[in-house]
Amino acid sequence: MLTGDEVGQHNSRDSCWVIIRGNAYDVTNFLDKHPGGPRSILRWAGKDATEEYEPIHPAGTIEKHLPIECHLGLVNPSTVSAPAQNTSASSTQDPAKPPPLSLCLNLHDIEHAASKTVSKRAWAYFHSAADSLASERTNAADWAKISFRPRILRNVARVSTRRRILGQAASLPVMIAPAALARLAHPDGELCLARGAARYNVPYCASAYSSVAHGELAACVAADGQGRGGKLFFQMYVPRARDEAAAMIAGARDNGCAALVVTVDTPVVGRREEDERHSLEAELESGVYVPPAYAQRDMADAAPDPEGSEPRGPHSAALDWEELKWIRKQWGTQSGPLALKGIQTAEDAKLAMEAGVDAIYLSNHGGRQADHAPSAARTMLEIRKFCPEVLERMEVVLDGGVRRGADVLKAVALGASGVALGRPFMYALGAYGTEGVFRAIEILRDEIENQMRLIGVTSLDQLNLESINTTILEQELPRSLSAFPRVSSKL
Amino acid sequence: MLTGDEVGQHNSRDSCWVIIRGNAYDVTNFLDKHPGGPRSILRWAGKDATEEYEPIHPAGTIEKHLPIECHLGLVNPSTVSAPAQNTSASSTQDPAKPPPLSLCLNLHDIEHAASKTVSKRAWAYFHSAADSLASERTNAADWAKISFRPRILRNVARVSTRRRILGQAASLPVMIAPAALARLAHPDGELCLARGAARYNVPYCASAYSSVAHGELAACVAADGQGRGGKLFFQMYVPRARDEAAAMIAGARDNGCAALVVTVDTPVVGRREEDERHSLEAELESGVYVPPAYAQRDMADAAPDPEGSEPRGPHSAALDWEELKWIRKQWGTQSGPLALKGIQTAEDAKLAMEAGVDAIYLSNHGGRQADHAPSAARTMLEIRKFCPEVLERMEVVLDGGVRRGADVLKAVALGASGVALGRPFMYALGAYGTEGVFRAIEILRDEIENQMRLIGVTSLDQLNLESINTTILEQELPRSLSAFPRVSSKL
Amino acid sequence: MLTGDEVGQHNSRDSCWVIIRGNAYDVTNFLDKHPGGPRSILRWAGKDATEEYEPIHPAGTIEKHLPIECHLGLVNPSTVSAPAQNTSASSTQDPAKPPPLSLCLNLHDIEHAASKTVSKRAWAYFHSAADSLASERTNAADWAKISFRPRILRNVARVSTRRRILGQAASLPVMIAPAALARLAHPDGELCLARGAARYNVPYCASAYSSVAHGELAACVAADGQGRGGKLFFQMYVPRARDEAAAMIAGARDNGCAALVVTVDTPVVGRREEDERHSLEAELESGVYVPPAYAQRDMADAAPDPEGSEPRGPHSAALDWEELKWIRKQWGTQSGPLALKGIQTAEDAKLAMEAGVDAIYLSNHGGRQADHAPSAARTMLEIRKFCPEVLERMEVVLDGGVRRGADVLKAVALGASGVALGRPFMYALGAYGTEGVFRAIEILRDEIENQMRLIGVTSLDQLNLESINTTILEQELPRSLSAFPRVSSKL
Amino acid sequence: MLTGDEVGQHNSRDSCWVIIRGNAYDVTNFLDKHPGGPRSILRWAGKDATEEYEPIHPAGTIEKHLPIECHLGLVNPSTVSAPAQNTSASSTQDPAKPPPLSLCLNLHDIEHAASKTVSKRAWAYFHSAADSLASERTNAADWAKISFRPRILRNVARVSTRRRILGQAASLPVMIAPAALARLAHPDGELCLARGAARYNVPYCASAYSSVAHGELAACVAADGQGRGGKLFFQMYVPRARDEAAAMIAGARDNGCAALVVTVDTPVVGRREEDERHSLEAELESGVYVPPAYAQRDMADAAPDPEGSEPRGPHSAALDWEELKWIRKQWGTQSGPLALKGIQTAEDAKLAMEAGVDAIYLSNHGGRQADHAPSAARTMLEIRKFCPEVLERMEVVLDGGVRRGADVLKAVALGASGVALGRPFMYALGAYGTEGVFRAIEILRDEIENQMRLIGVTSLDQLNLESINTTILEQELPRSLSAFPRVSSKL
């Protein structure tokens, strides 16, 4: 007769015994066949699982499913201890700490954890959006207006999530979006992102305003010390002075950045009231008063300049298609694609194509720039309605409101090669550092793989407009645009 | 002169006397004529009902409506006691117990009772749905987007709710949907469902993961000991190994299951976060850590396999139309219809027809599988728009979000032969055991009969697309699908 | 020099003096010219109004607008007392009493007052609606989907709200809808309604289940003792037995009822859960258990009768178009119009026309019968889309969800001759008795007159489909109906 | 070696030094280049900013961006004091006072401040709207249904917000709308508005019911004592008597009002229940009872006059297109444009054009007149659909629900020359007096300039229907109108 101690030594995935109604069973090989998954057994590995087993299995289940050689025989009951009770101490959650990372099942959980742990200043900076918040809200709302059309009875045993994004191979159709000042949220700052990009081979588009030097990020992304690596892209705000711009572009090339992403939606910075409010309150508390950021001229000079005012600030508000040619030339054609970030209309998508740009990045800047701007999903549909040829000649990436693998797959079905996420990764590193970034990528990977199987596709290029239902969003598109005399018949 | 005691002996439906303004009346034969229904009188059977009667009846009412021979004469007032007051004790509700079953007037009441009484684990298992919950929510929302077009002045004295479902006669167009692990919620588990199916002659499609053996369920359904009985169907998740599949199918046939329902929407199990969260919290409290269910490969192996990953788990993720032919053959053509459960597009409905399947079961698995999947109502309209001929050649059943007799009738008007409910029956047995299941069926029966009369139909085959208004939902359908060059003009 | 006492005697509309900055003014003739209305002055009649006057009038206002002969001269300041302060006592509201009726500015205020004051039983009876409440909610929601198209620069000095309803002259396009058992809410019961109908000359359609005898109501409606009067209509639920039906109709004619309104949407009574729940709880508390009202057959007889079941209850569930001919004959053609109450589709509107009915009454019974039934506004639009000729040959009245004069005018613009309200009048009499009914009619009259002027119409026959915007509701109509091969081009 | 005191003297925009990691830097010329704006540096002017600087700048940032001559060298650490801590006292907000004006970042903040500070009476007057509030709510809701189509890569260095409104040059496409009785909210009343209009050169349309004399307002608007000034317009309610009307018009001309705005939507005053309720409660508390304002005839006279009733009140309810000719003549053609305020349909816009009016002012009176009236945005789209030629021949201004610069720009894109705001300015003066009005204009100016840059326009005449997406609102327009046999193909 076996003893509880003997059974107790088989408490792992490699050798897993359990006791049920006084008998020991070797379920090691059965773990992966268990309909409830291996975890529900592993919790009881080496222990008496009767209490768990009884209510959910029909009589005879174990006899039916487990080969006779795995029936190990009786266990001396006096040697078996009762299952451990919860110790109330372990369930006491410290309110100042984020919950265990393993309890973050989706990106919303991670955001919630960050809201409790990062500084008020960091939260105000990352969480804020422009003016009425309409642009930010439409991002999430528009993804929710798209549904899937799941196909069945397709062999989905093997699923590949691989994708090329801005010319680089990636393990997922996911990119880390440019977001500034990560060290506000965590001492390691953008290094956390670089480590995630390296480990999981997802591209990382570093912000011009990274709080870690780009060279350091490039090195970190290139290799994670375990033979894995990814690619760094460089996001650029075009400065007023050409020499500064030239230096930036040269620096990006020197750091081996594989794509240049020129932001075109930020001639001036948007009015992000939550962030502004936080700063003003801090100033008031500190006793220093400075006129608000957006009162960019002397308040005494009430009447505007008849010639029109000119904004202060670091970015060139004069950037135009003509100037873009100069940037194009600076970057050259050997260093990787040049993408425009912030395209929000079919007209500009077409102009970008005509300007010979390699890729467009549809975005309303996470709702942080223009008020009541369209979501990337809407812009994508607008392009498909009015100038679908754009998608044949340029790669398209996008961001805004993406929080689920399902959102990523909707974007791919619309025609995007890759989908960028910004805030979720900042929240992840703010609450959990590098581990949080790892976890965020894993969540997305799992959601994507699972959803691919459930809608019946095994590789991303099988996704198309018939994989999804976009009727609701289509009804909100412009009906005609003067730049496009004929509308595509497909949408 | 009568006494209060004499009157008090006539306190039943068989002989019902009441006292009003000092006179006794025999209202036995009037009970069913009473506009307020017999109950409002029966509460006062054998008693002085003056207080109740006075404020709501015009003077002379009793004289006008009750034949003179039922006027029994004066009652000696000194022999009549005052109406009993409420004893405050009886109204104290024990918060740990569900409310009296008679107070459950609809399936939502039953769900609410279950939420207070079943274990956290059972609640998490039954209540959870996939990812963002969008699929689950669209189920209820889409039924609410359909309204009725009630017809009047039709003789609805006799109404029949009879229907054939998957080839079997049923007393209602209602089926108990496959749902696993009922013993989580109640010690009798699926036996409660089988008893309900037998008593009311509604089909019961037993889950592959029943916690009571299928043979036992089949015996219970076949006869309830009082001469009534129903039919058991068998729901099958196709396992990886053909021998296991063959044994399952043979077992279903041996148990006399009258239909084989093959689930085709579950190559992998959906991500049900509420359930997952419950398990993780339980594990954390118990001190055992197991990596999350969906991290189905070694976390250290961060980069996906270039060939694509393969899921663990018991189901065959490789099941396809080809393999279905083998299953079809195993089941044969003499054992009853073979149905595919989980059809979500017009394209797959048509493929099922072409594959010679007998029936399709439209479902998004109660919102527990793919995220942002369509409701069965939407899929049904999609079929009617793009391939209405499907409905002429295959029976259609469906489930998802059905909580009212009105929902059932909408589905029938759309073309379904039967409508399955899953969670409501699990909540019913969890809170009230077998009696709860009886009650749930009775509620549905009453809602269906009542609504049939109120919309002017006396048998279910009178229901059609003009019985309902589906305009809102129609506007959300895909506008065109490449598999269907021509769209039906009817929708 | 005047004294405060002298001024104080001029404190009414007939002679109104006020003190401003130490001077007295006679503003009697100015009262009606005051932009803020006479009330804002009358509050200060005979008093020192300086505090009120100062902040809102430009300097010189009084001199400019008041003829010099109304400047009465200085008042001895020592004879003027300060304005009375609020006594805190007077502002203490007794929670058990409704607020002063004058504070009820709209019908919602009256409903709120009733919710606080009538018995639980009465509230449950009047407030309840069928099943999911969808039918009730769509009533209010659909009115809100219609907007006005207000026209300007039309002479609206004189506005007439007169209208003929079911053949009778009425001072408003408003009718008191049939609602049963008013004595549940107030001892005078339906007499309150009859008094309101008489005083304001609005038709009152008495319920078959009035708790006051119809003869008494007819007498009360006919004359209010001050030379005013109205008309009673009779609402009939057709009983099973022809002799009872014949007696009812004869009674209505004998009582001088000017129209017969046959309810056709109630072959059985709807499932009103709030009311049901109240009864069940009362029964449970009293210790008497009676099976639920809707379990209309023996629960032990679980399986339905193969021939279909037949409902108990007082109404004829067999009533059909054929039987209607008999009723038509009983009522005759000299006693006033015969109307069908409960029409909910274009098809039945057309059948009613073909059956020679004089009027149709569009209604979903206040949402108390079929679940997910259409609102009267929707049915009206459906008729205008599919069979507009119906409106040329039959009068149309309607009810459901009407709570504002604006709702009444929308219905008239859609083509209704009159609009009935039920619950609001029951709440009015429940909370305030006869005065409440008076007030409810006055509120409606004022809302209607005011809105008529603001949209630029002076008589109700000027209202038509272009007075309102119904585009949102139109988009929810059925697209085609087989009974109507051609759709009207107007809608 | 420098000392903390020396550094501390450079603490302004003119000379700004900061200490970082023990070194002093002169950042005066860098202030405007700083990506985070000058404020984030100025807070630390003359101080040790290490704590702020460290977490958000990559190593080497200061060396890279600041010329070597601005590196001032080491500072003696013993002479540098730690950054001041917040004094908890300063953060304690007095609940009775509004928050510091600098914390008002948008007009909603100002409204919120007013809700806490102005008298109940003033709040009730300004905040109230008609009947069901539907008209008021649709104003804000309809702006939100319009989104922008932001264009990129346009030189937006210089942006001009200049516009002509009712013939006058203005610095913004913004006008102060007529609103009465400002002294209810602040002792200076409308003078606050006049000062804002003068300082920022925005037109101010003074209400007929201003609580400051129009002559005083005109003088104040004309010049602000610092060489700036604006224009006053005059809003007129047409009185019953022609002599009064003539005097009003002459007065406006004498005061130099540059436009006459005749309100045409107020033959009677709307039913504003919040205001009414406040008055009634005040009366009840004071013990004086006066019948409600809208009971404009004797309540005892219950039945309406067969000839129709006539409203009391100061305005002419008989004003029509004929009478308008007389007003037109009184005003003449030399005094500036005549505009009609309150146009709500395409039909009336066309009639106004045919009547030779110079401008139309689309408005539903802030939702204070007709119930369920259309928003100005909807009316504008209706005009563009049915009679776009109106916009070529008359100027259009509008108001209602405008709370953001984005709303203003949407209106301009629809075709408005100017956009008026009423309540926001009343709240501004109520909470903060003249400074509040200044602030409100500055907020709008900043929002407008910022949004113009972000959508890629540099002057307002570049805005057109393709700058915005109006598809959702278009779907709610009337489909046809009998006055317009042909619909414009553009919308």
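In order of appearance the chains are A, B, C and D, and numbering begins at 1 in each one.
Here is the rule we go by: contacts are C-beta pairs under 8 Å (C-beta built on N, C-alpha and C of every residue); 3 or more make two chains touch, one makes a residue touch a chain.
Just so we're clear, the structure is a prediction, and the values are computed from it rather than from any experiment.
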For subunit C and subunit D, chains touching each: none
Rotation, 0 to 180 degrees and nearest 5, that superposes subunit A on copy subunit D via CA atoms: 90
Shared interface numbering between subunit B and subunit A [over half = same, under half = different]: different
Centre distance in Å when subunit A and subunit B are each reduced to the mean of their C-alpha atoms: 39
Distance between chain centroids, defined by C-alpha means - subunit A, subunit C (Å): 56
Shared interface positions of subunit D, touching two or more other chains: 475
For the subunit D and subunit C complex, residues of the former touching the latter: 131-132, 134, 138, 181, 183-184, 187, 189, 209-214, 216, 237, 264-265, 267-271, 273, 276-277, 279-295, 299, 302-304, 306-314, 316-321, 324, 340, 342-345, 347-348, 351, 364, 369-374, 475-479, 481-482
Subunit C residues touching subunit D - in the complex, by the definition given at the top: 32-35, 37-40, 42-43, 54-60, 84, 86-87, 90-91, 100, 102-103, 105-106, 144, 146-162, 171, 199-201, 228, 404-406, 410, 438, 442, 445-447, 449-451, 453-455, 458-459, 466, 469, 471-472, 474-475
